[in-house]
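Attaching a single structure in structure tokens format; questions to follow.
Lettered A, B, C and D in written order, each chain numbered from 1.
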């Protein structure tokens, strides 16, 4: 289960403190010319050290592509790539290998696989998300060529929340701040909060808001491959995710149907809805309105303060993080949400196109859903 | 994409107003003796008419099994079953077939498939959940034989919320109320709220809380088949689901890591955690503590009041529901959440057992994760 | 593993002597108008009693469709259908339930599932092929609308062989004979052979030749989804199949590369090959030439004569078939090969179309493989 | 579709003349200690230059493992590995890039992907089989620890055939000859034949026989995942495969059922069959007898002599191979057949174990199929 997707399939491998992490992206159509500068840009936005709020581990994170390219074009064969691990410090984990770190995957990996994870979490490390960002950056370009844009930003860290309303921020504004919250005041408050917690050896969570524009209606495969379901599965595979809602979400739990229904109208060219409480999806299928969802990330479990725990023999002990961990993963999770969303949407696009190519090629003999 | 699962696979079919809905449950181990009374009980809890808060459609919903059984035992072949649709009233939908019902799947199905859904929503109808409940009732029995129990109840309808704390209600208490909220005061308030909205032709949503006890550590297949991810995908395929969180969830967004970390300790027999903010899952794998999550359902979109919309030709029109729809789906969603969870957990169990059978057969030659 | 296919997925269920067999065909594109007369015709060609060479069991085998249709058109939802079992004679199997029939699946099912199969083979019965023929008849029509034709016929029964050379027979000629071998002299010899073996209580195998015309180049997904591999998997799931070869096959094992290479030339319109020893596939992808392969069927294992065997307790015993079994399955296997091939090819078509829709919609912006 | 398997999944990547080929083997159980010397030995048996009958390309083919190992044990995470391409000679292909090599994948890749394959065949090159051998060598060790042995050898090259009867050769005898045919006389004849064809610039095919001993009954997942079907799909993904038969196969096409039925008897300990015409599989499930099958390989299509063909513009031209190609792939295919078979059988084992762990852990509470 280290493979994500159906027609666009990403298989990932590698552990935080092995020689490399990497991936194999299978099913990417031939004849596409990737812009590797942009792939590197996305990796730079995610990599450790990219924001002062995160870990101080330094990784260059420039992927090496091993296959699937010919004269700069994808050739239909699987795209394999490596990201070398260069800044490993196993000494940060010395003495920890026989202790279960609280709320980490040590205990569950031990129970599942019969082995303690390697230092730094092994396969459970968020280092896997670098692979996802690399592959997602390719999917993002493919979608962009179709007119689809994906933006995500930090909406909340701790109690500090900024809501964009309908003025979704531009990518430049998002990545101009350390917190990836495009509002300067909120950014400042978030930075102060994280800094204060870092000093106390504590940590904090938050939410990422994601908006997708330009998506055609029709994506998603009911009933078990609803677009919401596909996104939910993929997003929930990101480390530290604990919640997800679409559109109006949990906060509208006390709103009535008459308040939440999105009425259809026409903008002169096509059918739109007056409001978008549905978040762009009805019946599990995109409706052509912006896709809107929110992802909850828990606080990192590694704390720079002593915590009680057990060791492998079941004896009580204490543990204290010494690694270069994030007091808050939310800013670095922003590009991971974008990349994961891109992988799912491109896959959903290919699945829809498999059966309804005329939707995308409307100059072909008329078909009702090819119009408007 | 009408198939759910990996080793236990449910394929469903059928539309709300066709002759029948049904399913094929493949991969169920041979030699199990299902209790069909219990299957019927779960269907009775879900079926239309089971609670006064829901639709008044009447369906007996007693499944007819066509295969996979021999002398009352499963025989390893796929279990196929039908649920006949008996109380169809297409006249309720007369005149609606050319209008897009707001926030329904009419528009998206039309854009995807080029055809308006059949009256009542066709494949998009929640009638599909009857199939899921039938199959899930079998998985539930298989899990019960392993000591796993799944309980779900209504936690919130509109603004009325009841939280169980650590005293999770018994199944009898849950199904003794119309709202499926086991607290009598909350139940009464919920019933009044729904009744008031029914009279206004309006509708309301809410949340279902689900708790799973007795689950062994080790279930879930990182990184893309994390137990959270598998559950998220399956739960999001239920009609009207708009949100999900595990453990402490969205409400703990402003809590720090030191407040949320679950410290390990021993109960004398095995490793437990002092708190369960993780909701029983760490690193995507069950940790042996109760699995706890919450599912958000939106208000039904069909309103017994006029709403503006468009017809197929793009002309403005109005629409008013006349079917026997639910003003609130939450009570009937409770058994659907249980059934869906059972299907996912049994599938995850088989996946874990495929590679680590000694985990479940600890009398076999010693293996580190077979202990404790 | 009762599901075949990737984007067009057939899930089958049912046992020979239960109430019904049936299937769920998922992924069939919406908006297609099936000709159910043709579906019935294919079932008639396969059903017991369709040829005097086969079993004398009588089944009407007219499928009942339960879902996936709207106003006579496919609607994108799964197509479910039942074939009722009407002519069961469990008395034919009385006294056999504790004996392992030689070369049948009794022993292996018992070892795998812990239960003896139901009378008549249960899930292992060739009755499953009726489901495949029903679904395949729909795929066949879809392919026919694209210009693809699939023909299969009996090439050999026992030592009697007829080779078509390049004059592939028409469907009418094939189904005009009892043996499904279109050559009258060979048909007569085959009938006499089978009749003689029937009188001796013995049985015989043979081969089916299949030719597909009109297939575009490009189908098949290297490296593990080569068109040969997809066909091989599907064909080998047919009961009694023991061999398969493509193109020149086993008989050309002593031919050199210079004799077997298919040289490219042009027929004025498109690229063709001078010979077709490759059988229409190179590198696992269709090359636009006719697809040609041969399937080997073993003799039926049920003999109307005593055979030594063991019973469940391991004691020696004898067994003698009394059912209405085929002395030769080859004639009835002919439509099963056609149907299975149709399901695979339509699936491969959708998979190719998913990534290269412009191949099928060449009026779209030019792309090298969209031409010629 | 560059992934093979269900619970043990091999994803491969890389092209003949890129920097590396490699694979990701997912689902291998944790806690297994691979012997990497044996992995290297299998690669040595397959690698170019391993036998004088094959290509003279030289590749060291020692895989570099990047993940999935911890202290020499598998840790449950995916095993990724690379095989660097070191002996590339693109000059051998100079001037060929615009010509379709007859019976190669150039034309079909061009039609499918819109691009000519890279020199040497790109993804269509048999270099992919090195990845399969590496992964298969791990599966082979896992199976060996369960008592399963897989042997394959050259049975036929051109018209020269040696049949082992029931005295299956030992691995040492097989790899002691250049032809991988353990019979010295046949080996000599085969070498002379290949040498003579090499001098003429021609090529030849043949067959590989494979026998698996020690396999328990019960493997295979009817009806579409029959063990035969799983093996057929995997074997047919090997380059140049054109035929496959199990047990008595095509040569017994004129034998009657009474001659081919395998009668059950007991060897005092367990149920066996007197003969093994079924090749160890009945009803698609292993029966505990040796698995026996034969794979047909066509002659290599690259000839060191001029052949007519077309170029990309459709003009007639000639082509002549200058690379270091094999006049016969059969000897080098022998370890590829072994490795592919090992991957399928380990996957089938895990699938069976998923549902019937007690089969493999018979000391657990009694279950009928756990005995005998």
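FYI, contacts are C-beta pairs under 8 Å (C-beta built on N, C-alpha and C of every residue); 3 or more make two chains touch, one makes a residue touch a chain.
What you see is a predicted model; the values in this text were computed from it and never measured.
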Exercise. Select the chain at the greatest separation from chain D, using centres from the mean of Cα atoms.
Key: B
Exercise. Compare the two sides of the chain A and chain B interface and say whether they are made mostly of the same residue numbers, over half shared, or of different ones.
Key: same
Quiz item: So, what's the distance in Å between the C-alpha centres of chain D and chain A?
Solution: 39
Quiz item: Taking each chain's centre as the mean position of its Cα atoms, how many Å separate chain C from chain D?
Solution: 26
Quiz item: So what's the Cα centroid distance for chain B and chain D, whole Å?
Solution: 44
Practice problem: Could you list which residues of chain D touch at least two other chains? | Solution: 1-3, 12, 27, 30-31, 76, 109, 112-115, 123, 351, 356, 367-368
Self-check item: Complex contact set, residues of chain D against chain C
Solution: 1-4, 12, 100, 102-105, 107-115, 121, 123-124, 128, 156, 158-159, 197, 202-207, 217-218, 220-226, 228-230, 232-237, 239, 241-250, 252-258, 260-266, 271, 273, 277-279, 281-288, 296, 298-303, 305, 307-310, 314, 316, 351-352, 356, 367-369, 372
Quiz item: For chain A, which residues are in contact with chain C within the complex?
Solution: 7, 27, 29-31, 76, 350-351, 353-358, 360-361, 363-364, 367-368
Practice problem: Mind listing the chain D positions that touch chain A in their complex? | Solution: 1-3, 9, 11-15, 18-22, 24, 26-27, 30-31, 66-68, 70, 73, 75-80, 82, 109, 112-115, 117-118, 122-123
